[in-house]
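Okay, so subunit A shows up in both of these, paired with subunit B first and subunit C after.
And then the complex of A and B:
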């Protein structure tokens, strides 16, 4: 067998921090052959990105490589000089980063940036470099490449920026491309086009691809081999089919189980026996639905972000709101929470017109207690100067107005307990809590005032899959036990399917399709829904096992 | 094309928005001058033994016997029609006095700013490239020294060393040697005027006079510029697109100059505007130490003499310059940062 293109042997990386030395990577071995595709899968903190940055020597200043070897085409580059690394980076090893918008220079034209990448390695006349950059922009399918040559990153969408990033990485035909979470933050359909492009371009040029991702579906769809990392170590390595069909390591099993698929239920994710579906709450005849929104319109300038959308939500029902960025789903959730005013339409809550109360004054309305929201980013939505207890107590003080401190304490602790938040964590501040714990604080804060409708705006988007599984399970339990109604906003169709009985699919401010979750998944009517479903990267462990 | 149009629109908008601010400044200084103790009539009466009658007559002449609102209305009318009044000390119209002295202050401030930038930006870059190193600490020390030594002390120190001890600098008596020939008044900036008539010897003399006061002022504003350069460059060096530039194999210096520095200069640009305006107004001490015939020392003399018109004129001028400088910075910012023009 020929020598692998990249071989990492027993790599250790440590960071010196204020709290002492942190070992981020502890003895990792990986190898990729010319033209091979390898996925490094793991959750945050597993050391997968650090491994990649160690290869290209783009680690932070405080990082050290105490032991291990990195061989590229047989040469040891672990401690290569910076001039040697400069000649390798871009020409032999390239990277594509996550959050493409910030990865590009905001005040330099995109074409110019690609030219910079070419000029770093080739000494050619300007006109030739320019022509080559234009070719690259066309190769990554930027429409009207010549016209957009001088555009700035902020004038392009996130997906477009990632294509430019790919063009820069490809500029000097490297033989290895490392893509670090290249599609995080992109819409599911954009994710598919970007990944397809990346896969096609690397295959065409016989380049090796290392895909670093937390998404097992992506790894399964685009890579032949997979390495699973946990806490700085490789726990399992195998070909994709083998790994997903028959995961060996307990951690891999847990990850595979926690990843939502077309068939999974919330109980599957956390490895519990499935329960019967939530009993439908008997609807009293004649009683109005809990939430009845009709013809909601919200305009920003001349653009209608939400254009005549009507929704109905029964007591104890869970409604999913799905769409890509710009579809207006978050705007709707904010209008229903009465955080922003609508421009037109009617909003009834339990038969009562709440739309007529301006969003500014809604905090004083008795209905404020009934409608609560859980925000997308568990970290940014908590006050960094408030302890977990204060975060939960704040709305209780304002909306429930407890008699005394003892009652406040009882209510807060009860809410925390219902969310599975240990009592001794209540004194901590947000930065001392993990992502999952912060998500629990956010949920506890919302349910502490005993609302009847909970609006969940992408509550798990920022969480690792295994944490997401636990949080979803918690939410599902809350709904079963307390008869809460959910408006669940998400871009992740699988999550919405598990959590909701009915789904509304939105696009550009209007409703594309509405129906029961099961029907929508098995027989989508709208072409757009089908497109969304196709774009979900997935793997089917059961099917792979059977086959 | 659209960029130019965009900038034009911004300029007009900003000029319009500055009118209320300028009006506020005019009214405020007017009232402030009236509140300050000291009666100009008493001060300018012919002698210490001038009788009450003479003083009253003077008050009447100056309009000081009228009610305050009427004085204000008259003053506003005068300002609107371009009259800033007459200085009691020099006997000249304030406008003419300021026009004659402004180039001296502007030349000094511009030159000082250039020196400050030429020092501060390399120092800031050096400090940012090696944070917490010996260089960084040295830069911090120099900056602290520049801020905490008052300009009249550093000015005197420079005079002592370069004029008295070493004899390198000419005597600190204004813009030009009293016996030397003045260049024809073209722009009022001596360095430019001398160059335009091709008088190199005169240029050298004027340059010699300028260098010490300019250096004194530059030392004073070194700190904000160098610190801002360092902070902003450090932030940019840690950003994602710098990592991208390195990941495609761009060499260290190219990354620093083309990618990091250009982005890091944006906040520095804002600071430059503020620093320059501050320098114009606050260089009174430097002008006094070096007998520089600028607007700062003119305004100070007038203030001590309770001479209302020049002080009010000075404050208005500084306010107007402040507006103009900020406008210029805004336009430059719009050119340097494409994100601004899109809004």
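And then the complex of A and C:
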């Protein structure tokens, strides 16, 4: 067997922090051959990014590598000098970072930035460098590359910026490309084009690719080998087919089970026996739907962010609202929550016209209590100066107006308990809670006032997949037990399919398709829906393993 | 509370400069409170036979042209200077934080108009404004406080506006609305407490400025009047004697001023570390 391109042996990385030494990576072995594709999969805190940063020596100053070796083409580069690393980085080893917008220099044209990358390693005449940069921009399929050569990063979309990043990483034909969550934050269709491009370019140039991701589907689709990391250690390594077909380690199994597929149910995700679908609550004859929105319009300047959208939601029903960024789904959820005013249209809640109450006065309406919302980023949605208890207590105090402190405490603790939040965590501040715990606080806050309609705005988008599984299960239980109605907003079709009976697909402010979840998945009518379904990276684990 | 104290202890241990500043500030406040009891001599009674004596065991900082003990006058002046500065800064902080927060939250036309007004205010030199106020309202300490407060107002408005502006679309702000709070309640009860740590830094830096301003104004003869012990007046009166070699008349009040300003400035950064809950684990 030939010498691997990159070989990491028993790598340890530790950080010195205020709380003492933190061991982020604890004995990792990785091998990538020339032209190979390896995915490092793990959840946040698993040490997957730290491993990659250690290879390129881009670690924080507080980091130490107490033991282990990193061999690149047989040379030990673990403690290589910074001048040696400078000549390697970009030329032999390149990185593509997570958020392309922050990784690009905002005050320099994209073409210039690629030229800089070339000039850092090659001494060529300007005209030649420019021609090469243009070639690269064309290679990453920037439309009208010559015209956009001098464009600034903020003039391009997120997906375009990531393509520029890829062009920069490719500039000197490195033999190893490390992509650290290259598509996190991008829309699913954009993710597909970016990843397809990355895979094609690395294959054409016989580059090795290390893809660092939390998304098992992405790893399965684009990499031959997979390494699963947990708490700084590699728990399993195998070829993609083997790993997803027959995961060995319990953690891998949990991870595979927790990743939604086209067939999984919420119960599958957490490894429980499936239950029958939630029974529909029979609608009384003549009773109005719980929510009836008709012809909602919201304009920002001259642009209609939401253009004549109508939705109906029955009691106990769960409606999914799917779309990519800019589709207007978040704006709709805020209009329905009466946090922003609509410009046109009608909004009826249980037959009562709530659209006529201006959003600024809605806080005093008795209906405020009935419509609650769970926000996307659990960290951003909790007041940093409130303890978990205060966060949940706030809407109770305002909207339920409990008799005394004892009743308030009882209600808060009850809500926390229903969300699986241990009582001793209630005194903590948001920064002392994990992502999943914060998500639970956010949900507890919303259900503490016993709403009838819960708007969920991408409630799991910022969570790890195993945490997402538990949170989805919690939401599903809440719905079954309390007969809540959900408006579930998400970009993730799989998640929406599991949670909702009906789905509305949106694009650029208008409804593209509406239908029962099952039908929409098996027989999508709109081309855009098909495109969305197609772009979901997925793998088909053997169903046997669930049982 | 104990966690706050523990955290404060940690910050001070790791940051001796902040510890020094905190100790200095504590000393200043203690002196301000206790001045009448710890001053060895009456700061106002003159004793001309004892005039212009250099520092000695009996008079640590020497005596001035009327034979008054400079050390006692320094102690007494601390109370007045700190009071003026604290009052001015509190006024501008309260007004500025509220105005700025609403501007940052509401945005639009209100924000633009207040912004322009602030620009106009910032173009006024302190002394011109103070003189105008004194001419209109009379030469009193209260008016000096108001003038200093108005001059400092723009900083607080801008600061609060910027801090609120970046937070106004945060999830927890919308959550507060969904939880039944009006816009005003969101600003006052959610956003203001969140910008306090950052503003505390501003307050501390500003106290130093305000002390300098107050001293500067009385140096010019505005506000505080002559026999009252005040650092600015002491410097002004002592300046006449520098040429003849009686340096202690100016040096000690000058040093006191410098120490006070330095302490408040250094305290600023330490305060931010102590007050920010995210720094606590």
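Assume the second predicted complex is superposed on the first by the 542 of 547 C-alpha atoms of A that agree within 3 Å, B and C clash if a C-alpha of one lies under 4 Å from a C-alpha of the other, contacts with A are read in each partner's own complex, and residues count from 1 in each chain.
Here is the rule we use: a residue touches a chain if its C-beta (ideal position, glycine included) is under 8 Å from a C-beta of that chain, and two chains touch if they have at least 3 such contacts.
The model shown is predicted, which means the values in this text are computed figures rather than measured ones.
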Practice task
Classify the contacts of A:86 with the two partner chains as first (subunit B alone), second (subunit C alone), both, or neither.
Solution key: first
Exercise for the section: Look at A:411 in the shared chain and tell me whether it touches subunit B only, subunit C only, both, or neither; answer first, second, both or neither. Expected result: neither
Practice task
Determine, under the contact definition given at the top, whether A:163 touches first (subunit B), second (subunit C), both, or neither.
Solution key: neither
Practice task
Would you check which partner chain A:398 touches, where first means subunit B only, second means subunit C only, and both and neither mean what they say?
Solution key: second
Exercise for the section: Report for A:337: first if it touches subunit B alone, second if subunit C alone, otherwise both or neither. Expected result: second
Exercise for the section: Considering only the touch criterion stated at the top, classify A:105 as touching first (subunit B), second (subunit C), both, or neither. Expected result: first
Fill in the blank from the handout: Touching subunit B in the complex, subunit A uses residues 56, 58, 82-83, 86-91, 94-95, 97, 99, 102-108, 116-117, 120-121, 152, 154-155, 165, 168-169, 171-172
Problem - subunit A contact footprint on subunit B (complex, rising order) - result: 239-241, 243-252, 254, 258-259, 262-263, 266, 336-339, 342
Completion exercise
Given the complex, residues on subunit C that touch subunit A span 170-172, 174-183, 190, 193-194, 277-278, 280-281
Problem - Touching residues (chain side subunit A, partner subunit C) in the complex - result: 18-19, 334, 337, 339, 360, 363-364, 368-369, 371-373, 375-377, 380-386, 391, 394-395, 398-399, 429, 431-432, 442, 445-446, 449
